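Let me give you the structure first, and then I'll get to my questions.
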């Protein structure tokens, strides 16, 4: 099994007719994902390499029964696209858009929670989700993933997500699902959501978690793990040597005062029984050992 | 000078035609308070010993220009009476009613703050306010007060308010104003409001503060005193020996865990430079000494 | 007024809050009848107004009639921290997937309502608050606006409740808030609020404190009041309109006003004594009230002396003095009485008492003097 | 983007928030002109994006033209913690009765907006938060609903602002919230927010951080951007679309992705080295980008070795290898380069580089190996 998506997930791409949307949408379809429709206002009736395009999410959902959406539109339109997806009946939304204003993210997140409590948003500004061999929504390269489990991956960092997948795949350790939650100020899905889903997924036997400096999500995850996680977790936190007060790419990756340091996060996770590693390679090796011992 | 009320304050009594309203309303008038009207729905046009009665606060205010109201109606009608006073143009409301449900108090307090930010409520369940020789609204006996200042009194406890007044008066130390704020769950006026007004009143030279166990109002007052009070303050806190977890009369006088103990309050006040005394007599004597040294 | 668990659940049910099916039982047979009705397995729960009943053996799982018989028999009559179990609540056992905590109470410093919600339920919330305060999602609620479903949905997400529980929990919290406000509770607490393995959310326990001031608009509270098991002395006091709390010392206290009564306790303690009670006779101090108060104190075998501390504000001291004399004429008081009468008409009051003063009826000019005298007698 | 105080006040003024009358001055003469216009006494304030300017002598009261001349002359050119003062803000001095604190920011853990209001302003709010957390009234604001006047009125009462300040403060806070949200601020802070002796409430300072992601809808931000004084290397990097932060070590870092770049710093540190910079070249890694990145690192005299750490996800490693070779053909790089190229098409990529490898162009199979090699070269 996998979490959030599987081989039956039907996906629409909001922004399929754009450059990025076309590239990633087709790439996802080539991977085997059931990409059933695109949505671009004003381009309804056309198609992108055989994928029909609709003017609205509602039309696309009515025509195809899709339950997931891949939002790949520029920042000024992203919040609107996410809300349109929820209003149109989509229950799983992946938004890779980077650069959405924080105010828009705050309003969008809370509107979803308040008005559409059954809808999950992944991202924005995340690499997406891949269940190797089943479904790939987002910009992760399918080549570096390996089907068959038994490891779940959840990561706040884009490139380190790929690194984590790669470290496992080259050693022959497959993944059930790899979720990139992104490092934006108001992520729709957080570590705990993913840990909880992995804990409930019978095929996932262990979880690799990639965090980074800033915020307190890793500390909250550690607390959750203490109380609820029975499966082994390996973690790596990027940014041990990052200087305080500087933004390192993500809005999330900034240390304020003594809060959000890699050291604090690593200590919290260690205290929760997580195997904390010093670099991605070490984390990959630790997971290989754990999987071998299962 | 005095705080909140003075010799020009014109007062209506909501509930003047009831037993308590009549007794205290007339007593206040006898003291010299400008009690100009009563309000009792359905009894408009009548009078109580020459004080005209109106059906509504609005009518009474229109007819008399009153700015203060003395609310002395049974608990089921008190919240409504307070709101009617605010809506009718009253800016200072004294409510002595004991036994108003906490839910009503919470709604009433917040409605006043949100809709009538210029209106002050004193009480409920308080003895009222007396500016000796000028104005007495409530149930305090004028006999035990002494005009001429220089001491301001603020108290959460009814009988200890009288005790405090008496301790000073018998020694010839007068009061500018004595405010009983009451011990109910949601008091309209708190210690800080009164301390702040006394600090601003040129005739008040020192303040006596009577607190009791429960809640954290004394601690908050201590914090305020630390930052803003220049005049000497003498305090007495009742309930040093009270057992935790038992209600001692007021809803306020209950100790939960380590919070709200007399010891904590006394320590906070001492740290704020307040002269904290062990009993009302000692507090009175301390104030006599302070006044003598002014 | 604190409710028993079963009463709290009955109260919750009025507001549509889901609880386990169950019933009350005062005997083993009644327990069996409830168990047969709701279906096995059941939980047999002692109904006492004190925490820690589980550890004390007051909560047991019963898989069949035999076990119900055994457990009900054992728990009925059990003494849990001084509370003897007279009644049981028997309910269908739940398959618990997760335990949460939820409560509403008044945030007195901020004068708004405070909702507390935690994904870590089933344990003392004070412990969670100390060890991991971030695990409690605090929600300030403006009493004027109340709690709506949208806000409740945001709140359950913020608290990190499991996703499958969120929709139901949000709806339950809105109902619990309604119970708290319209139901005039000082506290409405569910610990644990559970998610079952079948995916439903309901209240597994109920802790409700009602605001006595609101009883005039809740005739339905009468049945709760009927089961109140108070100290008989405190109940008798309440019937007379007196506010009495029994304590451990030997100086009986009578004072007018809660603040003065507390202050009297303090002063007695300050001069080396220890109070036998807190007793506030309120504003009135006529002969009836004073007689009832003296009689009440006198019935406490610990009491060696009675300290009457009255400050005449509205109350006139001459009336108090007359009341004391009248009371003494009507009841026989075995302990010496020390009076401190001050305030309005104090001179007249003392004059009234003067001819009657003796070794067992003493007046002192100040609170402190009177306390010293009373304590000296008690310690003699 | 952090704003200078005067820019923050200009931004506040757009949303109707009261500030002291004043003006900007880059010279002593301009300072005098502003002072004459707004009226004495004035405050001469250094405009620097760093705290503690008051203690550093960057804020002075001037009662007349002479004093303005003296203070403006002294402050212009003053070095405050490495920030040289180039601009002044001259404003009419206020008679301060009380100082408060107010701010809005995002409460990231709870995903709502957080208002902080305190009657204890004028000092570091972090100090207040530590020493007396109750002195800060925290308000959680649902971004969907925003802040209305009724709630603001409740909030100012809860925070214990002086009564005469409350009505004005509540209105100001609603405007500040509007500035924070519609104005796309990450932070909108007023410290102190003052009550004057004349009874008016206004902002005496302004600390505003704008969310760069929202710049597309704020053409008015261009004037703020014009005054940004960045590290020239960081500015050049930004122009090229690179995310560069200068550090103190000697190992130059080039990586794709912020997480991998941070991780690269960590690994370099772990094996005993120290990074000269953070540099994220993002998803693209063509010749242009790689050339710009190598040139940028090369211009840092501290750098002794360059560590290129690329993981091919979307980016294909063969393209990266080609990019590096093209870049080396276009710019002269003085430091040795250690490359770790992994991921999609890594084999092809390494093959492309193979003929060109030397003592100054080295590949290593893993991140850790490459870090060790780079650090060995730097420490040699």
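Going in written order, the chains are labelled A, B, C and D, and every chain counts its residues from 1.
Please note the rule applied: a contact is a pair of C-beta atoms (placed from the backbone, for glycine too) under 8 Å apart; a residue touches a chain by one contact, two chains touch by 3 or more.
Everything quoted here is computed from the prediction, not taken from an experiment.
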**OP:** Could you tell me which chains make contact with chain A and chain B both?
**Re:** C, D
Original post:
In the touch network of chains, how many steps separate chain B from chain C on the shortest route?
Top reply: 1
Original post:
Quick check: more C-beta contact pairs in A-D or A-C?
Top reply: A-D
Subject >> Between chain A and chain D, centroid-to-centroid distance (C-alpha), Å >> reply: 28
Subject >> Where chain C and chain D are represented by their mean Cα positions, the distance between them in whole Å >> reply: 55
Original post:
Taking each chain's centre as its mean C-alpha position, how far apart are chain B and chain D in Å?
Top reply: 51
Original post:
Which residues of chain D are in contact with two or more other chains?
Top reply: 109, 111-112, 134, 142, 144, 150-151, 154, 157
Original post:
Which residues of chain B are in contact with two or more other chains?
Top reply: 110, 114, 216, 220
Original post:
What pattern do the touching chains form: line, ring, star, complete or other?
Top reply: other
Subject >> Contacting chain pairs - touch in the sense defined above >> reply: A-C, A-D, B-C, B-D, C-D
**OP:** Sort out for me which residues of chain A touch chain D in the complex.
**Re:** 75-76, 99-104, 106-107, 109-111, 114, 127, 139-141, 143-144, 155-163, 166, 183, 185-186, 210, 212-213, 215-217, 220, 236, 238-243, 246, 248-250, 253, 257, 262, 278-281
Subject >> Touch list for chain C against partner chain A, complex >> reply: 119-120, 132, 134-135, 150-151, 153-154, 157, 160, 162-163, 166-167, 170
Subject >> In the complex, chain C residues that touch chain B >> reply: 106, 108-109, 111-113, 126, 142-144, 181, 184, 186, 211, 213-214, 216-217, 243, 245, 247, 255-263, 265-270, 275, 278, 280, 311-314, 342-344, 366-368
**OP:** Can you check the complex and tell me which residues of chain A touch chain C?
**Re:** 110, 113-115, 117-118, 192-193, 196, 216, 219-220, 223-224, 227
**OP:** State the interface residues of chain C toward chain D in the complex, per the touch definition above.
**Re:** 109-112, 134, 137, 139-140, 142, 144, 150-151, 154, 157-158
